[in-house]
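What follows is subunit A paired twice: with subunit B in the first complex and subunit C in the second.
== the complex of A and B ==
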């Protein structure tokens, strides 16, 4: 009840001060158009934004408090704000460098780039480097069990907490270096997700365009087939198929990961099919396609020379989003135990292995950090990819004008 | 109360593109008195629409007013507060857009959208406004005025919708209406009705109007004053009769001269010669709807056959039958005396090569991701089998043929060209196949008169040089007069009249041909008045067609 009451008081206060803010603005600026024509909602938004900002600043100060009971409460918020500031600065510097270095084309690209996109590009670049050079960068192997090292999941390497400076992010229950596993995780999880998405696009894209160009019965059969596949909840469908595949994989001697890639690719290709067909149908009715048909061009020329170049923008944007979904599906399957199999390091499994520690977040936030590191890595990449995709969509829509 | 309603002084507008501000309107002045109609003309990109919107104190996104003032009845619209503008727009200033079909909300009935303005501005109650709307529909000669408002926008025709939009603009009895090309998208027969209705209602309510168009003959009927714009600069302003009889500037004169292009008459076709393309008794249908009934005509070498008719008359369907996209249900199409397979997929490469097509919308006819060079090179390579330097030389020759500099345009994308240039590329692509016969589907109707005339002259020159035959689909009789040798008039999927051009423009006509011919606006400012008197008030456009 008191929560409701205080929320109501806050609302009334913000509502009132928004009105006051606009009034004072009009008075102070001598009725300039900016304040004169300001809708009330905008004034409300400004005030709400300021209140939220103040709350964040206060919470951040609390997280720096010397009293651990207070500091722990706001520990993760503090980490998030630190990360936010750090990444903003990094993104800004990255863009600044991009504007100075490189060819004319890349410089122009960076000049028109919003900060969110440069953040996304930077994060993706870091992940790519980690994934490609995992073997060089990671101090230990992903499945290397370090003998004689006490298991310690508290990061920081503080000896007072039982840590070891050689393992800055700690070691897991059976004595493997968590940092090395995180780095290898980039290789396994991201690499497999990338391969899966590519496969999904190859299947869905080519069938989708085929349906759009040929139409008629081909279109009906393909589309209805896709409808059937889409009618089954995808995660449950994937789980079911993975269970069947796990029997086959041991019988045929093919790694389960291969089955996983195939299964997720087929399930996800249904969404790609829908998009490719819709985009393709819009292009097929254009006069230049009719001109090409009347010229007597074959199917290959129509699809690859006339349709595909005009469909790249939406397909590329979808690729980014689809990649995130595939990535999350793999993490989810791994978390449930049927995805990427141990001893390969992967983020979903890492979250599962130490998930129980999340319960400590209230009073011992550092102990909860280990599962959240892997989860954070997934979240960060998803956000980064979405930023880049948003930017590409914006660019492609701008080009049309 | 002063006599001047709108006053624009030294107005400069800029638009944002390529990360910088480029001028759109350069210091234009404009004065409009109460009850006066001002015609704004110019080719596309001249800034007519931008200026029209600026007269409402409004800019599109990415456009800004950098200097100048816009005063409406003593109120400075550029510094007025949002509240003051809200009180004016819709109530005292109204806007009629080019495409009524795109401007009505398809989810609401017409009358519901009509009453929005008056009720919002508290001019009338909903019931009053509905009654008034019906009265306006009556005045605008809409059929069934008591009921038409209760239909959805897709249930009425384009011309009717345009009139309903004019009624909507009139709903609050504004002092000023801005018409932005209200008849450009309409047929000549429909255009007349809309023009007559607009003119009457503007006169009856003593409303001032700014009428934006690129059609001189139209503006001559509507406006008291004409202002000519060229690339954001004012060329000249004068009252309509002075402007038509004695334009002072060269540019204005060139606009006036466009309609004078006419090719010399050719000798009649030698009897017994084999036609290049012969359409013989074709019937065609989309699904179960039959759209062509027993259509036959011949096209001979080096001659142009214009196929005329309003939209829905089956002109384009005939073209689709000839190209083989829509195989006719009965009848046949022969090429040089030989019968061609009905379906384009069954035709040989050489048969496909002989029939080429130029499209109405050059925007959708050129692949936006291919360069000009690639677009023209493809048929060269595909049909003639040329490669490398030979191919390049052929493309360059084609570009020169359409009067475009090869080195400058070879690597450009279609989006970097103007509408007329794109249409030229469409012509080059058709020529690249070295055909005997080209179908031109409304190739000039999306272009300004000056540009369109350039295209017509080019097509005429190419025909003389290469002995091409054209099938020229159009609804514009001025184009027919300019380029055709023979004319085929179509209505409801049938050929109504066919013959040499000279006979076509000479009475006696089929009544439908007569209607079409008399509906083409002429430069004479009294033309519409005289025509209406001749036809009688109830006998224009749709009504006349219905009686036949």
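== the complex of A and C ==
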């Protein structure tokens, strides 16, 4: 109740000071148009923004306080603000470098890039490097249970708080290095999601183009089939199929992960099918397709040489979004315990295994970092991809106003 | 008016047909299990006689089609079968009436609906207001910050949001409980407080999408002549948007709200697991883990039905709100 009460008081205070701010502005600037014509909402926004900024600054200062009770409480905000500033600077430098280095084309690209997009590109690059070179970068193996090392070492590497400088991010509940597992997680989670998306695009794209080119009954059957599959919520359907697949996998000895890739690819290919069919239908009516048909070209030529190159732009943006979606679905499945199976290191599973540490945040904030690191790794990548896709869509559509 | 009624009836019939086909898909999927239920229940060391008895009990000796109609008939009359876990419980501990799947699901379904309604009650007004504000102050700092925030919260996984909220609102500042232990006979305010944190998580995920769509739907209209006209009359921008743009943008907004409520149904699974909320999503995941097929099947059908129903509602509402769709040429 007290929370509601203090929120209400803050709101009233901001409302009042917004009015005051505009009044004072008018008075001080001799009724300049900027203040005279300022809508109340804008004044409110300014004051709210200033209050929020001041609050963040104060919270950041408190996170540096020497009193552990206060510092612990604001530790996570401090980390978040540090991360935000660090990434902003990194994205800015990355964009600056991009504007100076490279060919004319890439330089032009970087010049028009908003900071969010350059942040996205930077993060995607980092993840790609981590995923490809995981074996070289990671100090330990992903399923290596380190002998003679305590389990549940706290991240941070400070021996006084139960850390160990050799393991900057600590160890998990059976004594595996968390940093190595996070790095391998990039390879497994991202790699599997990428493969699944590729497969989904292959299935959905080729069937969609086929439906667009052939039309008639084939189109009807495929489209209605897709309609039915899309009527079932995808995560629910995936869970149902995973139940069945888990029985098959234990019977046939094929890893469950293979089934997961197939199931999610099929479910997701329905969305790709819709887009590919719509795009394909717009292209099929073009004259050059007619010309190719008259030349007597085969179906394969039509789809891959004529339609595909002209459908790349929308499909590429869709690829980013689909990848995010698949990635989140896989993470959710793993989090629920039916996705990527141990001993493969995977972020969703890591979150589930270490989730209970959150409850120690008040006394040992660094212990609570472990689940958030893995969950944050997932969030960071999807946010980055979304930023890039948003920018691509904005560029290609030239959104209204 | 008769015209509208026919359209609605058509949509309803289409929805029912979809549901029927979906039930067939689910049934076929479940029947792709290797072996059959009887072996699954009894495990590896089953004697052939025991397998045979159970097979007859469950009616597995009948043909696929008659089994399907039996199952469908059961579903329609509210008999969702008996869960394997309960069956095991009964045979091992003897006696006692085990709960049927319907009895297991009913209270949990009510809990989930409660959660969804709390979420909708918070999310819809907030999203529409913020969307209108973002359209009003488009291309300002507010719009850009809102854009970054919504993009981030759309793309983060639900459990990340959930844990961040737990961290800040339950652990560091103990305002709300992080576990939603809801039981029968709780009074409303207690229930509300306990389910507020999961509802807030879902709100964060859903609001972002609805807000972006509201903004886009309104901005789409701003180039139309009648908006120009209203502006030239000297109306305030707020009035232009609320009075002239909003009613015309209603159809896509209603559509996206309904779609997001449908999305809630999927999102609810993960969130319920994080907060140990006794809803249908948690039951579903637990049953998936122990391969309790009858429960999985029933939950899946319920989720699909709710999903189809919400999509149908979206369709019908957007037809009703848009005269152009009401009188097709």
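Everything that follows uses one rule, which is that the second predicted complex is superposed on the first by the 322 of 401 C-alpha atoms of A that agree within 3 Å, B and C clash if a C-alpha of one lies under 4 Å from a C-alpha of the other, contacts with A are read in each partner's own complex, and residues count from 1 in each chain.
The definition used in the following text is that a contact is a pair of C-beta atoms (placed from the backbone, for glycine too) under 8 Å apart; a residue touches a chain by one contact, two chains touch by 3 or more.
Note that the structure is a prediction, hence the values are computed from the model and not measured.
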| item | value |
| --- | --- |
| Which superposed partner A:296 touches (first subunit B, second subunit C, both, neither) | first |
| Partner chain in contact with A:287 - subunit B first, subunit C second, else both or neither | first |
| Partner chain in contact with A:306 - subunit B first, subunit C second, else both or neither | first |
| Contacts of A:255 with subunit B and subunit C, given as first, second, both or neither | neither |
| First (subunit B), second (subunit C), both or neither touched by A:342 | neither |
| First, second, both or neither for A:387, with subunit B first and subunit C second | second |
| Partner chain in contact with A:68 - subunit B first, subunit C second, else both or neither | neither |
| First (subunit B), second (subunit C), both or neither touched by A:37 | first |
| Residue contacts on subunit A - larger count, subunit B or subunit C | C |
| On subunit A, the residue positions that both subunit B and subunit C contact, one per complex | none |
| Sites on subunit A touched by subunit C in the complex | 3, 39, 41-42, 45, 49, 72-73, 76, 116, 227-229, 231-237, 239-244, 246-248, 251, 324, 328, 331-332, 335-338, 348, 351, 355, 358-359, 361-362, 368, 371-372, 375-376, 378-379, 382-383, 385-387, 390, 400-401 |
| Sites on subunit B touched by subunit A in the complex | 19, 79, 81-83, 323-325, 344, 347, 349, 352, 355, 357, 359, 361, 364-370, 378-379, 382-383, 429, 433 |
| Complex interface listing, subunit C residues touching subunit A | 18-19, 21-22, 25-26, 29-30, 32-34, 40, 133, 136-139, 141-142, 147-148, 151-152, 154-160, 163-164, 166-168, 171-173, 175, 178, 219-220, 222-223, 236-238, 262, 265-266, 269-270, 273-274, 284-285, 287-289, 291, 293, 296-297, 299-300, 303-304, 307-308, 311 |
| Contacting residues of subunit A [partner subunit B, same complex] | 33, 36-37, 112, 286-288, 290-291, 293-297, 305-306, 309-310 |
